[in-house]
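Just below sit the structures, each encoded as structure tokens.
Across the two complexes that follow, subunit A remains constant while its partner is subunit B and subsequently subunit C.
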Partner chain A sequence: MSTASQSRTSIPRLEVRGLQVSYGATRVVHGVSFAVQAGSVVGVVGESGSGKTTIARVIAGELEPSAGAVLLDGHALGPRTRELRRAIQVVYQDPFSSLNPRMTVVQVLAELLRVHKIVPRAQIRGRCAELMDLVRLPASVLDAYPRQLSGGQRQRVAIARALALGPRILVADEPTSALDVSVQRTVLDLLADLQRTLGLTIVLISHDLAVIHRLCDRVVVMRAGEIVEDSGAQEFFAAPRSPYSQALLDAAPRLAGRPADL
Partner chain B sequence: MSAIELAGLSIEGPRGPLVHGIDLSVEAGEAIGIVGESGSGKSLTLRSIIGLLPRGVRVSAGQVTTSGRLGMIFQDPLSALDPLTTVGKHVIEICRHVRGMSRAAARARAVELFTEVGLPDPEAKLRSYPHQLSGGQRQRVVLAVALAAEPEILLCDEPTTALDVTVQAQVLALIETLRRERGLTVVFVSHDLAVISQVCSTVAVMQAGRIVERGPTAEVVTEPRHPYTRSLIDAVLEVPRPDAPASDAAADLNAPRTEGDVR
Partner chain C sequence: MTAGSAVETAEDVTRGSAPLWRRMARTPAFVAGTVITVSVILAALLAPVLATHDPAAQNLLGGLQGPSGEHWLGTDQLGRDIFSRLLFAARTDLRIAGLAVIIPFVIGVVAGTTSGYFGGFFDWVVSRVVDTVVAFPFYVIVVAVVFAVGAGEKGIYVALALVGWVTYARVLRATTAVHARSGWVTAARGGGLSHARIIGRHILPNTLTQAIVLLMNDIVFVIVAVVTLSYLGLGVQPPTADWGTMISDGQAFVATKWWLSVVPGAAVVYTGIGLSLLGDGVADVWRVE
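Right, the complex of A and B next:
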């Protein structure tokens, strides 16, 4: 786990301020505010209907809030320019539906590197190989189509695609929920390593407290469109302040019979 | 006497063998978990017990013997229910046609079953359609439908994977209560050893179509003999237990909340 830079008084990397979101006449997010310091991982945890994915979509620019703002390094975000889309990258739950089935991995990555002019043309193939290395996939994966990859491999490709653009913030929306438990672990370990070595700033959306515990410095608990708790991860897991947080912790499935301090 | 006996069971798909001659016997009243990853053959093994193998997949060798009526619940309760039929009618039809009850008796039984699975306001719920219920309520309805046939064996195929954690905990507790009170034999398939350890006293670990380890859950979890079991245990991430529990946590769970997925 990385050390959060919460003591710093600098402008947060990302700030969500007074966010309200409605789908038609139904308001699903009721004035939500939280901040994410550069280099830290903030987990947004909640059950279905809590509004956590809605917030991820607003941060990603896929959805317009009815009130409130998202600030990146102190600047309120308006319509998404190419630079903003590059700065905020998203990894989704289902890597199969977020990858174009007709493009090989190298085609996906090369197109991004070319369109956003990340590296000179001659270096594109080399950069793609570096990205595979970064997410610990063999270079042979570059010439594969998504359907030829396992779920864990696809999610690594999705992470590589997000990192290709050198984002200022990575939004991970249930990045391991569609994977087997054993594969979940390896993808989470990869995200934790990348976070540490690259100093990534991550907003992690999850319903799974085990995932939050593995990665996050801070925990924001949402219920029915409101924040019910916003605590440091250590305080949250040692002594949650909200009864709802306590209920979530009580309900988390644990391996019965294994010592609790593992 | 065994409620379920699998002897040298092999299952084959269009592209070759999927399950390789497994033996498994389940005692009446026992709760056994089958844990494994996607492709391990755990769901096929479960489905072979009730004869619900997908098209093109068949038992190629061995025998499945069961003693007792079978019921099954699935991962996705929405696809197990007819969207154009009220949830009450799902249960009433089974009571009438499988149990041979009169219309009035079947209706009364449906209310009893809805009460037993913990659906709030069971009388009114009879008239609800599946889409009007939350995921947890739908899974309770699916349980009531399964129980309507008065099964002695309940087959569970990842029944809580699609549910929120607090709802998952409630449904797991409900399955345990039903097992104890009705003496049900439970076979519970999941990729999540932590979930299985909550419900099952015995666990069988499947890998690539074979059972690699089987034993009392507490022993398998603390002293796994097979390296694959070890790796499954290592994959389970721990959630710490808080030091000081807040007192009114349980009450708060029952407070009104927005249901339904807004993803």
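Right, the complex of A and C next:
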């Protein structure tokens, strides 16, 4: 790990320190540590069962680690208060199950704005429309139920829901892997644009190196619950340090004649 | 902004949501169930207006008459007008069934939802109690409770409240448990919403439809239970008119004056069919694809 480069920067927005997680007697994450600087995108890659989603769940507070800590702006996170939950938002893999089938988009967004008193009551509808604009959905979507929306539209709604709370960190757990290939690209473009314009800090969990390549500044490679590589995105794609990373890169499908574009 | 998103958002976002009344009108079971149920409720409400005689007025010299211009459905052994008693019996039975079904509904929904949502020890306790109650034959436990509490309306309410809630608790527990582990509940929790809000505003709207359909079907069951208890002499006490007592009173004369029992029996069947259809109709109308 490049401890030298980290000590030069300020306190990281998010830090995972010595994280161990067990499901029952089986330990699935064995002492994982990495840091995410404010305004950067860190990709966590690895095959199924490598523990990447487990780490996302611990960061989101859905799962208690058996050892180690998650630090937000230098403070170790204990029991999640409403404010802490608000600060760390998650976009889930499956947009078909992450939206309540009986609530319209505006109901979902307005409830969050109201409960957290983010904008005055009179401006709630306007703020919801702004959020739709932000994720490039027409305002007419506000009154739609999830079943009336396509997968890509739902995922945009899920992103809008996360952004409504003005999170300090956004955890995207395989945000495109449940979508059609043609739609994946547009959702990734959106995340990239949002990251740039809003200065979002994102932890992106993915098994898809093309997704990582598109978005990330830094890549953490996991295997069997341990980190095997943690390096800058350019270094990683140019010259991966671990043999496993090299194997991952070699396994990624490429189109003939476009070797540079993963 | 990008070409891809434009193609995607051009999709029709209003597809598949006909207004509620349209879906109601297009569901035959709902329409038929509503018509029948409303006709029974109207008969009950308008009983004082529609009745041709005082339902309790006896005329011992004019007992057991057949249908005539004076008594449309004849008279019973005490000379009381059967048509008038039939209407007033609808009042009694609908009122008792309505009240007797609400208490177990509320208890069952609360117990089932909380145990399904939180799980753990409370869930274990609720599930074991439900299993125990389910293990008893329904009428055995109801008759036993009515004996203990005393015959009459109060006994019916207590007995049905003690037994009836388990149906709702079981169904609500199962559906709530599924939703409580769903992505959208995790997301709502991650959005900083309280458990109370998630249960009330997110989960219940998804589970209550099923509970209400169950309630519709349960009313039928409760009406039959009330009629049965009254038939056994444990329910509605004379001289209050009720279908069960009327069937029971007519039983002695069933060989010669068959309509004495058949007419109130038909009223029970008619009401039952109406409520069953309405229950099915509500399920169809409110179903989320």
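Please note the rule applied: the second predicted complex is superposed on the first by the 248 of 262 C-alpha atoms of A that agree within 3 Å, B and C clash if a C-alpha of one lies under 4 Å from a C-alpha of the other, contacts with A are read in each partner's own complex, and residues count from 1 in each chain.
In this text, contacts are C-beta pairs under 8 Å (C-beta built on N, C-alpha and C of every residue); 3 or more make two chains touch, one makes a residue touch a chain.
Note that the coordinates shown come from a computational prediction; the quantities given were computed from them, not determined experimentally.
Touch criterion met: A:Gly51 reaches subunit B, while subunit C stays clear of it.
Applying the stated contact rule after C-alpha superposition, one finds that A:Gly199 touches neither subunit B nor subunit C. In the superposition on chain A, no contact is made by A:Gly126 with either subunit B or subunit C. Of the two partner chains placed by superposition, subunit B and subunit C are both touched by A:Arg185.
Of the two partner chains placed by superposition, only subunit C is touched by A:Val115; subunit B is not.
Judged by the touch definition given at the top, the superposed model places A:Asp250 against subunit B, while subunit C stays out of reach.
Of the two partner chains placed by superposition, A:Gly78 touches none, neither subunit B nor subunit C.
Contacts of A:Arg86 after superposition on the shared chain: subunit C is touched, whereas subunit B is not.
After overlaying the two complexes on the shared chain, residue contacts for A:Asp94 are found with subunit C alone; subunit B is out of touch. Overlaid on A, the two complexes show subunit B and subunit C touching the same residues of subunit A, namely 182-183, 185. Contact residues on subunit A toward subunit B in their complex (touch as defined above): 23, 28, 47-51, 53-54, 151, 180-185, 188, 207-211, 213-214, 223-225, 237-240, 242-244, 246-258, 260, 262. Against subunit A, in their complex, subunit C makes its touches with residues 1-2, 4-5, 8-9, 11, 13-17, 182-184, 186-193, 197, 201-202, 205-206, 288-289. By the touch criterion stated above, subunit B contacts subunit A in their complex at residues 37-38, 135, 164-169, 172, 191-195, 197-198, 217-218, 221-222, 231-253, 257-263.
Those residues of subunit A that touch subunit C in the shared complex are 60-62, 82-83, 85-86, 88-90, 92, 94, 97-103, 111-112, 115-116, 136-138, 140-141, 144-145, 147-150, 152-153, 158, 161, 165, 182-183, 185-186, 189-190, 193.
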